[in-house]
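To keep things simple, chains are lettered A, B, C and D as they appear, and every chain counts its residues starting from 1.
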Amino acid sequence: MSYFKFNNKKVYYEVYGEGKPLIILNGIMMSTLSWKIFLDSFKDNQIILVDFFDQGQSEKLIEEEYKIDLQVDLINDLINHLGLDKANIVGISYGGEVALEFSIKYQDKLDKLMIFNTASYTSPWLRDIGRGWIKAAETYDANTFYKVTIPVIYSPEFYTENIEWMKNREKLLNNVFQKPFLDAMIRLIKSAEGFDVRNRVHTIEVPSLIVGAENDYLTPLPEQRFLHQKMKNSKLVIIPRCGHASMYENPTIFISLINGFFNSNTNVSLL
Amino acid sequence: MSYFKFNNKKVYYEVYGEGKPLIILNGIMMSTLSWKIFLDSFKDNQIILVDFFDQGQSEKLIEEEYKIDLQVDLINDLINHLGLDKANIVGISYGGEVALEFSIKYQDKLDKLMIFNTASYTSPWLRDIGRGWIKAAETYDANTFYKVTIPVIYSPEFYTENIEWMKNREKLLNNVFQKPFLDAMIRLIKSAEGFDVRNRVHTIEVPSLIVGAENDYLTPLPEQRFLHQKMKNSKLVIIPRCGHASMYENPTIFISLINGFFNSNTNVSLL
Amino acid sequence: MSYFKFNNKKVYYEVYGEGKPLIILNGIMMSTLSWKIFLDSFKDNQIILVDFFDQGQSEKLIEEEYKIDLQVDLINDLINHLGLDKANIVGISYGGEVALEFSIKYQDKLDKLMIFNTASYTSPWLRDIGRGWIKAAETYDANTFYKVTIPVIYSPEFYTENIEWMKNREKLLNNVFQKPFLDAMIRLIKSAEGFDVRNRVHTIEVPSLIVGAENDYLTPLPEQRFLHQKMKNSKLVIIPRCGHASMYENPTIFISLINGFFNSNTNVSLL
Amino acid sequence: MSYFKFNNKKVYYEVYGEGKPLIILNGIMMSTLSWKIFLDSFKDNQIILVDFFDQGQSEKLIEEEYKIDLQVDLINDLINHLGLDKANIVGISYGGEVALEFSIKYQDKLDKLMIFNTASYTSPWLRDIGRGWIKAAETYDANTFYKVTIPVIYSPEFYTENIEWMKNREKLLNNVFQKPFLDAMIRLIKSAEGFDVRNRVHTIEVPSLIVGAENDYLTPLPEQRFLHQKMKNSKLVIIPRCGHASMYENPTIFISLINGFFNSNTNVSLL
């Protein structure tokens, strides 16, 4: 439960445990709170959670326009603030986009990189899906925003098999999807417009693991295949029968990959 | 340019050319008009286009609640009205669902069946995506409805590569997505809630071709694989790098499959 | 049942029916005989079957070394011999490789092109699989050659579901896989070593349809995706649950695609 | 470097490090030697390597016929011999089949299970591929066996990109593929004929991770999807652009998954 100031604005973060530092970057609708249920599973690293601007307990940037780069510099400042030499970073979706930009700009501060459900750019297609979400937010009707944004985040299989959990989540999120949150969402979505690392992502040379999900309908598999093709020290893994919210749909694989990838010596010389 | 009455309500249909009759069943946002650009390509069959209730020039069922079964019986009545003994049917999405129900109920009137981008049931996931569309329609803001429904219908690749065409389409559809149309859309979407042929689809024994698209994010590939597994005389084909609107994204394959499947003798005895 | 001479050597071919000419190019173990069971299904075109050198009733090139280019020129000579202005060509596997080389070299003689289960080059991997087949042929033991080459050609599903047909085929082929045939096979396999159109295939501009099979373990899907990416007027279709011998595993789709693609007007202008 | 006796025959095994015991079960052509290059990467567990009968330094079962069940009981005896209460097991291909049978028969001795590139049964297709390998072995020509068996084990991409390593491996293996080894291979292959856990695999209830590879042409992805569907506590991961020998083609993911899965608390309760 700590704060620091970046650009004279409050940034909220949490630090847990010991080991090589691992910063977890939230997806767009997430916050440090979202990771509570995972903390018992990340025992090998010092875990650093952080709310981006307009998320959770970090400052709301009311009436400001900004791009993902601001969040990138926020992460860099957090690393400096914590006095870290280098860190491992794992990013999910929006957090994965920040992670990619960070890796390009501050590669010397990075040990290893891992991204889940992340695209290389906000294509016109993804931008317009985002604009649909903005339109839904601008109704300021919680359930309109819920129905437009949430089902497509999950795989049909998970959503259907966990329909009771989804219904609880709907109640919960109908309380969350209110005015200040929705305005922050609109700014966050807009901050990802223009994101495009397609021509720069090849400069990332740290060991990287890219994870895609077979039924991710927001950042579909061709995106992760593209990133893998461009990032020469990257590996690619696919989670079948899984949607965009892979950490909820398949926590076992999510946790296993994070613990395994960041804490293993993977230098093997084939004889 | 003809009408007949079903349930004392006007049904609009068009008939073109000669050959074995082939009825084309519209997707939910389509109408007989949508097929104009394809007519020169369907020369081997008598082509029968029809607007479902609440589509195109057929009657609007204002303040009525109905299910897909009504559209199924409408098609049966059309066949009787035309004095056809049997017909071939191809259905797209919503039209594919009608086609499946028709095949189960009126199999003796069917020669061959072909479905594009069709699911076996309106899962809770698909239902809730539909409810998001309804929420968007209920804003009666054309562009909200456009942005919430249209991008997800196309594959990212097609949408991006044809962004100028999409922009024209946006202008065009912003004129279409007005009050009476949106109210009809709401009723059509609701009519598909409860659709479920999972336990009956195995009774379809006519030669069938099921076509799925790799980047169809509304009725994704697992749906078509399921249908193929259950329908013993079915074949399955996948169009890669293609979204839900396969007839627009890949007309060459759409046309080739229709002309080839309905007009070929495919009885081959392996020696 | 006709012959002509190319390079002063006998070439066997057959012509059936009327319509736009369609030349079918055999896979490596096939011959004109293989297509007998399909002839009733190809009614829209003049069908031209032909045995490559070292196949069926065409001349055996004993103690000669040659490359695929020789078969390409043989096809060109056949077209001249028949007095055709242009022809459609469909090639399967080895025949698809000949079709690609032909399309590059004699594009003005080509209407439309279709290839099933074809690679863009004989990679070191494919070459060494071929050398395994040569080793098996050099035992001159029919069943060694059968067991090494045939199962991998089929998908596990088809092989297992049609195990009685496969057993009959084993008996049949054990009679075929004898000395002169096996020596011809060795030369045919060697003729495909060095095949590589990767840097030239983009010059093919005729309308093309590329068909891949999900369980093709000799010319797997990445090959057809590559060809599709390079050939700008090409379309790609995938047959799921199907192996390398797609015409046997799925004759319905094989026939539908051929009849539909070569005989449809697929010029559709999206509004 | 230790031996124990099972059925009065010598079994060779090695034990390294400390932690929860993890037994690694070899693929058919492998031995304890194959894992040397990975030992520095498995630091969190007590690693137990073992040669099955007819592998490495364990006894050759000359002129005996046996089934996979014998190897299963060998592993059970090893666990007893080591005085272990429970063990984790990871199996690759043939070793994965042994692991599945072990899990069904001795589930109470198992903590967690992980299988790479494994099928649920030796289908007629896989059996006949095996018989092709036996035919190739019976030539007692090292390079015939190499060319028939090795290329198909690797993905085309890996084989081609690592062609120099493959050439070295060919030289190396040409020395290995000699009489006593080839006779042992024939017996090992035969021991897998009749393997079939399709109707029993649902009884495995320990947490399991199933790993498939996109370009595995011996135990293709449908096999792992089937296993995942039947084993209720299983998770499935896919390694894209990877063949049957996943530990060589992608050691980073191989190691990360093993370390992560066996050593993480993956019990997460979604709120």
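Please note the rule applied: a residue touches a chain if its C-beta (ideal position, glycine included) is under 8 Å from a C-beta of that chain, and two chains touch if they have at least 3 such contacts.
Since the model is a prediction, treat every value here as computed from it, not as a measurement.
Enquirer: How many links in the shortest chain of touching chains run from chain B to chain D?
Expert: 2
Enquirer: What is the Cα-based rotation angle between copies chain C and chain D, on a 0 to 180° scale and rounded to a multiple of 5?
Expert: Nearest-5 rotation angle for the superposition: 180 degrees.
Enquirer: Any idea how many Å lie between the Cα centroids of chain A and chain B?
Expert: 37
Enquirer: Which chain B residues sit where two or more other chains touch them?
Expert: Residue numbers touching two or more other chains: 241.
Enquirer: Give every touching pair of chains, nothing left out.
Expert: A-B, A-D, B-C, C-D
Enquirer: Given the complex with chain A, which residues does chain B contribute to the contact?
Expert: Counting only chain B, the residues touching chain A are 123-126, 128-129, 131-132, 134-136, 139, 141, 143-144, 147-152, 154-157, 159-160, 163, 166, 215, 217, 220, 222, 241.
Enquirer: Mind pulling up the chain C residues that touch chain B in the complex?
Expert: 37-38, 40-41, 43, 162, 165, 207, 209, 214, 225, 228, 235-241, 248, 250-253, 255-261, 263-271
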